[in-house]
Amino acid sequence: MMRFWVRRLCLLPLVVLGVTFLLFFLTQRLSPEMRASLYVKDPRQMGALEEVIREYGLRDNVFKQYARWLGNALRGNLGYSPSANMPVAQAIKEYLPATIQLALVTMLLVVFFGVWLGAASAVHKDKWPDVLARLVSVGGFSLPIFVLGLVLLMVFYGKLHWFSPGAYSIQTDIIIHGAGFKTYTGFLLLDSLLNGQWRVFGDVLNHLVLPAVTLCLGSFALLVRVMRSSMLEALSKDYVRTARAKGLPEYQVVYKHAGKNAMIPVITLAGIQFIRLLGGTVIVETIFDYPGMGRFGVLAAQQLDIAGILGFSLLVAVLFVLGNLLSDLLYTLADPRIRLE
Amino acid sequence: MTPAICVRNLYNTCRRRPWLGAATQHPVLRGVDLTLRPGQVLGLVGESGCGKSTLCKVLLGIEPATLGTVEILGQDIRGLSARGWKELRRHMQVVYQDPYSSLDPRFTVRRLLSEPLHIHGLYKDKSARETYLCQLLQSVQLDPAFLDRYPHEFSGGQRQRIAIARALALNPQILIADEPVSALDVSVQAQVLNLLKEIQHKRNLAVLFVTHDFAVARFLCDDIAVLHAGKIVEYAPAQTLFEHPQQAYTQTLLAAVPSVEERV
Amino acid sequence: MDKRILKRICKNKTSLAGLILVGFFALIALWAPVLAPAENKNNPYQLPQASYQIEPQAPGTQHWLGTTEQQYDLYYGVVWGTRLAFKIGITVTLLAFLIGLLVGGAAAYFGGKVDETLMRLTDVVFAVPSLVLAMVIAAMLGPDLKNMMIALTAVAWPSYARLVRGDILAVKEQGFITAARTLGAGGGRIFFCHLVPNAIYPCVVVASLDIGYVVLTAASLSFLGLGAQPGTADWGQLIALARNWVLGTAQHPLLYWYTVIVPGGAIFLFVLGWNLLGDAFRDILDPRQV
């Protein structure tokens, strides 16, 4: 067992190196001139491309260039991103908290409503909550999140004016960039509370609703499915029958006895899904113009901003690999019978 | 008369290579001597992990012998060519423990039984093959109408009969039975054992019967060899072994089978 | 007993719905030249453009399902988009499966160092969410249809490689493989008569059912502008053209609903059909899985 974890830990950096090298290798498809032009901020300097190529060694072999990039990355210098108009490291610092905030709110929604709907559908099998749950679990996998996002935008922003895109309104923008507002954590939801700004908190939460609901979709469908089957299994167990035979009221049987046991696989699944949301943020943040890592990545990809793409991929790979490791750990902790090879 | 199987001083070591560190050698068989005469039923009895299955694997050529000689029908299996093995397998067949995994789930009974004939180029005429397959099924007391069914449609006992029929298809002289009944229900075990006994009698087969169950071994075998920690610790006619076990280990094993004494 | 029959029927109903949906789209794809005759015979996937007027037109007699921004006909786009969806889905799944088969088969066959190296390679691809990796690769290769398919293949093959490897290893351990060996069967016979049918056919079925997912990812890439280019009959691309119009006008907020609902509905139903079919098949192939 111990050896499994040691091995996993040793492989972690290798995998991350592998991904970044693969992508770095792909950038070599672009001519040195194209790559050099990314370093040039002023169009008038375009004549000096050859100098830039020589200065940054863009004609060296790929391993040498990769080593240079890696060395800089380890020192915290990921280069300058033209698409975000700031250094990549700074962009990550600015955008990552917003994305984590979005993912957390989404996960809360998924777990809360997913557990509720999944449990309800198991308890009222073949009645309307079950039909709804089954529709959701099939439909959720099939509806592209960009279609859902656009429809929600159409109805709740266009028609009803309940929510709006972006991360916050102009008034909030003025407040948080004003002198009195202190940044403690980078998470706006937390910072607004710490500053005692209730209106900012409400505004930020309001802007989170549509992206979070859209981002829910896939994970929600999966969670409802798992909760339903796990609850059905728990309800058929002997300890539930015993609880009923003892004369406990039905809600106690369902929520205390069956529900608690049915939650275990769901919680571990939620842990995994949290990190899987990263893929979805790419689309959701683009649709709702939400300034997070996903939108940063898309803009970098669209504008072929190499430093941005590499930095974005590096970050996503690190987060993803760590998340997977954590979820494996969670699995073994939740169910001691599971053995990993 | 050449013995069916003759094993001399057989050693087998299992090599384990951990992810970190050097490989370790782990001896499984340490100097086994064993002779199976034609027409003899020899029981090989031992606890799990004593090397029974490994011995079978060596005999069947699935695992190599580390040291020692194995002669089957007078042929040394070491350095036997692929062609030689194929020829040998015509005369030595095997029935495995688990009838659920030993039959390819995608084959019909017809295909299962005709596969050995196909491999060895026997009964090429279609109608002759058909008659032969029906005979085979009848010889294991199954309905010839089962030919077009798939293994999953049968019970464990029926599957094991199919496996026996497949082993008999090549009309071998030696049958290795690797715990053929231990995966079956007790009620079915008796039927399959009776069938094996009958077939052995009719065909005068040499049978190496591997089992962990003394009661089963006593029912079927002429002689019994007790395998312990990779060595044969006792070898005697079945009756003698049960009445006068010589070795302390055999005595402990027998003492752990109370039902045998009660049944007698 | 009654319950079991009822369950069977229920299962059949949903899988039947899936089959009908997929069959319906397959017919559209096959008859696309009849349903929507191409004007540009060399490249029928190029959408005809009625005029250069910017505002989308509502469904009417001339354009059954309306037009998008810049007057691309939505009906034509959905019909030829179906054909393109099949083309992308089948090509990518097939290629990815072949690569996965080679890599997974080699890993399972050779074992040891080869296995280790190949499986670490799949780890590398799995280290990033597939949409993100496909997006980055497509961007580096340059956005067009062919490169999008390459990117999708590049992220899809590792899961097949693992699937094939795992299945071959599992089947290799099964008793009937040893049994075949002791019957005297040669390597070729064991591989083609026992290993392949038992290990690979289930994989093939699972893989082919991934077509819906591949099309979904492809649509996402096109939507982000990293796949098919504007003017291609591609569902994701058509929805991207709707982005500026989802808010409608102040008086009629839902005025341009069709720009989202028509291509979005097509993707939804297409993927839904494959998913329904997939669920049914996974139940049949592996009844133990819930």
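Going by the order they are written in, the chains are A, B and C; count residues from 1 in each one.
Everything below uses one rule, namely that a residue touches a chain if its C-beta (ideal position, glycine included) is under 8 Å from a C-beta of that chain, and two chains touch if they have at least 3 such contacts.
All values reported here derive from a predicted model rather than from experimental measurement.
Chain centroids computed from C-alpha atoms place C closest to the centre of all protein C-alpha atoms shown. Of all chain pairs, the one linked by the largest number of contacting C-beta pairs is A-C. Ranked by distance of CA centroids from chain B, the top chain is A. Between the CA-based centres of chain A and chain C the separation comes to 23 Å, rounded to the whole angstrom.
We define each chain's centre as the mean of its Cα atoms; on that basis chain B and chain C are separated by 49 Å. Centre to centre, using the average C-alpha position, chain A and chain B are separated by 57 Å. Chain A has no residue in contact with two or more other chains.
By the touch criterion given at the top, residues 60-62, 82, 85-86, 89-90, 93-94, 96, 98, 101-106, 115-116, 119-120, 163, 166, 170 of chain B touch chain C in their complex. The residues of chain C lying in touch with chain A in their complex are 14, 120-121, 123-125, 127-133, 135-141, 212, 216, 219-220, 223-226, 236, 239, 242-243, 246-248, 253-254, 257, 260-261, 264, 267-268, 271-272, 275-276, 279, 290. By the touch criterion given at the top, residues 174-176, 178-186, 189, 193-194, 197-198 of chain C touch chain B in their complex. Those residues of chain A that touch chain C in the complex are listed here as 11, 14-16, 18-19, 22-23, 26-27, 29-30, 138-139, 141-144, 146-147, 150-151, 153-155, 157-159, 229, 276, 278-280, 282-283, 286-287, 297-298, 301-302, 304, 309, 312-313, 316-317, 320-321.
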